[in-house]
Each structure stands twice: as structure tokens, then as C-alpha cells.
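Pasting a structure below so you can have a look.
So that you can tell them apart, the chains are marked A, B and C in the order they are listed, and the count of residues begins at 1 in each.
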Amino acid sequence: MNIQTIIQALHAVREQKPLVVNITNYVVMNNTANALLALGASPIMAHSREEMAEMMSFAGALVINIGTLDSAWTPRMAFAVEQANIHHRPVVLDPVGCGASCLRAETSRQIAKSANKLIIRGNASEIISLAGEKGQSKGVDSLDSAEKAVNAARFLTEEYQCNVVISGDVDFVVTKEGQVQLHNGHAMMPHVTGMGCTLSALTGAFAAVGEETGLAAAAVLGVVGEIAAEQSKGPGSLQVNLLDTLYQLDDETLIQRLKLA
Amino acid sequence: MNIQTIIQALHAVREQKPLVVNITNYVVMNNTANALLALGASPIMAHSREEMAEMMSFAGALVINIGTLDSAWTPRMAFAVEQANIHHRPVVLDPVGCGASCLRAETSRQIAKSANKLIIRGNASEIISLAGEKGQSKGVDSLDSAEKAVNAARFLTEEYQCNVVISGDVDFVVTKEGQVQLHNGHAMMPHVTGMGCTLSALTGAFAAVGEETGLAAAAVLGVVGEIAAEQSKGPGSLQVNLLDTLYQLDDETLIQRLKLA
Amino acid sequence: MNIQTIIQALHAVREQKPLVVNITNYVVMNNTANALLALGASPIMAHSREEMAEMMSFAGALVINIGTLDSAWTPRMAFAVEQANIHHRPVVLDPVGCGASCLRAETSRQIAKSANKLIIRGNASEIISLAGEKGQSKGVDSLDSAEKAVNAARFLTEEYQCNVVISGDVDFVVTKEGQVQLHNGHAMMPHVTGMGCTLSALTGAFAAVGEETGLAAAAVLGVVGEIAAEQSKGPGSLQVNLLDTLYQLDDETLIQRLKLA
């Protein structure tokens, strides 16, 4: 995938304004809805079983994020994935804090197993844990480098027939065909909660218009986060500037800034 | 209702600091609490049945927003409305995404039917859907113009003995006696999640001091959003500037800016 | 406790980056996670019983905040406190809106009774209500001054073998040995929702590194809030500036600004 494909995907999101259904955690619902709106997509946060079949019938993609997992929500996530499969919709799985509890690891694997068109987006520790290796996470923050997670990601692409995005200092987009590295982003970004969750939500928007690798979302958020952080005194202004920059992003800026390898 | 009445209502909120009980969605709880505080009201977000009778006994108004509807919350919403009725408190209903699922439409109608002193606030698609016509929504975003929803709103005022606020490029405040148009606001506002939910919350604060049409809230948010958007580079700073502007709003600014028709 | 101890505690948080488990309310989950990250701690918001034993085995502290209390969550809070006791972890209790319903008062007392290493942080009305006296709250906002709550706090230190932080115009840190007053902060702070909840979360981070009185958190947030408010036009920018200032806080600023008595 090259930069022209990324730009086409961005244009497609802005033109089609796809509906992205999010079953996500309480902490980031507001941020991720705002990031989807700033990108040009149409977010809905919904978790009721009673309306999920309807929602998935006209949605473009489903994002499942287990950040504040609750046993009452797990069967609803499973049902939403079934509905996404019926309507051939892509599913993005964000296995937040996957290594922090057995509940999270098992729930994530169950979702990954059942989704037909799947992209997994996690930090290095989450990807390593999901693959069943011993990752080093502390709660929801990663203590492993993205490089170390690439083998685990490769395993996941085979195990679940999916693509994987590992976010970190360097982002890795791993498919069965190979891998791409992204060298954008900024050291201040992990000081804002839910930055990874935002990446997963944007991945859903791009998947809804046919971009199945997660690369376009990682590219856009990496560039936008980098620009926003350069203008920010701290994580408070970073959040604000990130939404502004995402809203204003043009092709030229994306081309100039993007560091693909 | 003229501009002087709006200003009196604003003064009343700031002096009385009414307690507004919100059963609202997870996405906007923080925004709407902050908007109520910036306006001068006192917000509480509560959804437990066990405390709702006590809360409604000293609250000024109840706001019910179905944005992240859950069957576990529906009976609590119904109970809260009963308690509001017992204490003669106004109820504001925000039928978020009403056209996106049968669950939402039915729940909204049930609440509308049971509330004695009711104001409904929705976008055009939501108002049309609530009235039982075929609206064009995509998730929670409206694809219909506010003008098209005025007939539906008129139907609702009779059906539920209520007043209706339709928000959009132009806002319409519809009562049995007639309608008022508001030409404030800004095209950037729909790019922030929960702007309509904020309007519903503010409507609750004004209803608590006796303003039963929803006009004062629409006027204040329209003016404040317009000023904030003019100072903003994107939806991130719009959110921040909106709270600052709401906090600082004085009579003169409101009079100068307000475009009633 | 003197200023040097506060600075050492700040350094310890930044070096150890303790994991703070929060069972907190929906309104403030995002803010308090961001405040913990800006301080240098590692937040996790979790409420599932199935993962709480694991989480508390490697967490540094537990923060329980009853702001959007739900009977489904109460037994989980109790279980989390049991686990914190087993692992000798400190528990911070934020009895939000304690006087607004019997449910809140009883739940708060139950938690206070069961926690072995406890810090309670509330506004004056909450502390008075928790002690069983007749406080004057309106929902979650305090109508009592912190001074009036000091006697109630003293009672709580004996009743529950804990330390108490009363936040208000003047903050009081009350232990069995005595009390300290903090004269920092700014009148704009109560216009942002969840400022008290943020103080409770930060108290958890400091407790995780051994600061058991709550003073370090009150000092840091008082100074940071004061600086941020001076740079802010309203409560919107205050939130943003607060996170930036917390992220940038250095020893010198803390020493210059702190008003202990």
C-alpha cells in the first residue's frame, strides 16, 4: 500500500461519511466519537442487543474495544460480531489491557475467532498477550516495544485470518503478505488516555470504505498527532489540537509528513 | 416569547442554580455536566432507581437522553419520569438516534407519553421518526432539514401535550400556539459530538426555572456556539471555547447576536 | 508533613508510575485517567468482578468513587476493597453526593468500614453527611464550608481509622494527629465537573507510593489548578490548562506557590 492509496481512503471516508458502530469503553467514548466526526465519519456508540441487528444492517463497520469490560457486555459484543458477519462488515478489535486479566485475554480471543473480516489494533503488550505469549503490561500501558510484538502479530494474522496494527514509538502494520513501518507520532501521545482507542475507531472508519489493513488510520493519526503535539504544551492541549488538526488535514500535509518504511 | 424573557430566564438560572437530574448517555455525560456548570446550573448524573425518588424530590428538572440506550436503564427512566410527575417537575426528552432502531423509537414514545410537563429536543430526523413518519437518519446524525420536521413537531405537541425544539442549521421552537425560528449557530457545531445533547441539558436548566418552551436554551447555545466557532480552528477548540463563552456570556452579547424570527 | 515530603512523593510517583485501579463514575472517567497520566501514574478503569483479584494483585492503590452509583456495581466495589485489603493496598473513597441519597450514604459507610488502609476525600457536605450529621448539599455540590466539616472529619478518622481530605476554598487534611490547611486553588475550579474526583484519583497515585494523608495530592492539584485558572478564560480552557500544568509541574513552582498552614 502506498501513500496514494492512503489519500484515496481519506477522501472516501470524507465523501461517504460511513456509519461506524462502536461498542467501546466508558473512558474514551467521547474522544473516539469526536475523532470519528473530525475525520468525517459518522459515529454511533451502541451496546444494546435489541438494536444491534438493525444497526449493523446499515453500518459500515463495527469497532469492539474491551477497555472497561463487563460480563454483561460480552454476549452483546459476540452478537454484534455475528451481525457484522451476516452483513459482511469489517470488525476492528481493540484488546485493551489484554495482558492485565484472563477475562480480557479470553474475551479478545473469542471475538477474534468469530469475526470474519478482522483487523486487530493493540499496543505491543496487548498483541503479545493476545498471541498467548508472556507480555509485560502494566494495566493498559505497554512495557514492550512494537518490534518485539511483530512475531506475535504474524502469528495472529494466520490464527485469525486478519491484519494487525501494533502501535508504539514505531507503528507496525502486519499482514500475511508482509509488514509496513510508520515512523510518525510523538512521545507526548501516550500521556493522553485513549490514543490507541482513537486509532482503533479511525481504523473502523477506513475499513468501512474498504481499507482493510489499518495503515491509513495509523498514517493519519500518526501525522495528525505529531503536528498537534508540536503545537502543545502538554497532554491537555494535545487532545484539543489533535481534533483540530484531524479536521483540517489536507493531502499535502499528509504527503509531506508521512514516514513509511 | 421575546428576548427580554430569555434574558430573565438566564438570570434566573444563574441566581437559583437549579439542580438538573440527568439520565443520559455515556458519551456526553462529561460535556453536558460541564455545560450545565458553565451556565450556572447544578448537574447531577444519576440512574439508580433506589435514589431517584429522593433526587426528584429536590431537583428542578429531569433530562432523559437515550443516546446509549440499554434495556437495564429503560425501567429506571420510566420510574424517574413518574417521580418527576409526582413532584410536578418538567421533563426534557432527547430521543437520540430515534430513527436508528425500533428500540429507540418505542422507548422515546413511552417516555413522551408518560411525562406530564414535557419538552422534546431532537434533530430533524429524530423528530420525524418520533412522530412515526419515515425520517432519513444515519445513526445519530440527521439527514433531514429542520423545516421538514416542523409538521412532525406540530403533531408531537398535540400527541404528547408538549413543546418541541428541532435543532439544525435553523432551530425551530414549536408549541401549540405557533413556532419561532432561530438563525444562530455555526456549521462547525455538528462536528462536535453531543452538541444536541448539550442543548437538551441546558433546556432542563431553563425548564427548572419555569421556561417551558426550550427557546432560551436554544438561543443561548446558538449564540454561544456561534461565537465559540468563530474563534476556533476546529472541533477540538470549539468544545473548549464553547464552555468558556457560555461561562462569560452577558446580556449585551446575547441581545446583539440573537437572530429570532 | 512538610513541603519536602510532598516533593519526594511527587518524584516517587513519576519514577514508579504506580498502577491505580479506579472504580469510578461515568462522568469523570476520562478526566481522571488523563490527570493520572499527566501526573505520571498509570490509570486503569475497571469494574468487572472477574478481573478484580488479578488487578489488585499488581496495582498500587484502589480508588472508589460513587458518583454514578448503581446497585450492580456496589458488590463489585465491596469485592475490590476485599482484594485491596488482601494485598495491603490503600483505598481512596470519594463519597460523591453522599448527602443526596440514602443509597449513597449507606454505600459509602459500607466501603469506609471495610477498607483497611483508607483515605476519604470529599467536599464539606459529603464529609458532614458521611459522618451522619445533617449536611446541606444540593446534588453533588457542597453548600457547607470546609471549616464546618472538620469536626465531622475528625469523627471519621476515629470511626474508620482513616485520614480525610476536605476540599473547598480552603482544603483541610485531617488525621488523628491533627490537621493541615491548604490555601491554594481558584474560584473557577468548581465550575469544572469532577475536580474533586480528580483530587481523589491523584490521592490514589500518591497513596500507591506511600503518602497516606492525601496532602501531596491536595497540594499538587491546588497549585496546578490555581496556575491553570489564572491562564484561563473559563472552565473549558481551565480543564485543558490543568492537564498541561500538571504535566509540566516542577519542584520550584510547587515550592513557590504552596500555601500550607
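Here is the rule we use: a contact is a pair of C-beta atoms (placed from the backbone, for glycine too) under 8 Å apart; a residue touches a chain by one contact, two chains touch by 3 or more.
To keep track of the chains, here are their UniProt names: A, B, C = Hydroxyethylthiazole kinase.
Note that the structure is a prediction, hence the values are computed from the model and not measured.
Asks: Starting at chain A (Hydroxyethylthiazole kinase), what is the smallest number of hops through touching chains needed to reach chain C (Hydroxyethylthiazole kinase)?
Replies: Tracing touching chains, the least step count from chain A (Hydroxyethylthiazole kinase) to chain C (Hydroxyethylthiazole kinase) comes to 1.
Asks: Check the residue numbers that chain B (Hydroxyethylthiazole kinase) and chain C (Hydroxyethylthiazole kinase) use where they touch, and answer same if over half are used by both copies, otherwise different.
Replies: Counting shared over all numbers used gives less than one half: different.
Asks: Roughly how far apart in rotation are chain A (Hydroxyethylthiazole kinase) and chain B (Hydroxyethylthiazole kinase) when fitted on CA atoms, stated in degrees to the nearest 5?
Replies: My answer is 120 degrees for the C-alpha fit.
Asks: What whole-number Å value describes the gap between the mean CA coordinates of chain B (Hydroxyethylthiazole kinase) and chain C (Hydroxyethylthiazole kinase)?
Replies: Each chain's C-alpha centroid was found; their separation is 32 Å.
Asks: Hey, what residues on chain A (Hydroxyethylthiazole kinase) touch two or more of the other chains?
Replies: As it turns out, chain A (Hydroxyethylthiazole kinase) has residues touching two or more other chains at 26, 30, 72, 239-240.
Asks: State the interface residues of chain B (Hydroxyethylthiazole kinase) toward chain C (Hydroxyethylthiazole kinase) in the complex, per the touch definition above.
Replies: Interface residues on chain B (Hydroxyethylthiazole kinase), with respect to chain C (Hydroxyethylthiazole kinase): 17, 19, 21, 26, 29-30, 33-34, 37-38, 42-51, 54-55, 58-59, 72, 239-248.
Asks: Given the complex with chain A (Hydroxyethylthiazole kinase), which residues does chain B (Hydroxyethylthiazole kinase) contribute to the contact?
Replies: 25-28, 30-31, 67-72, 97, 100-104, 138-141, 190-194, 232-237, 239-240
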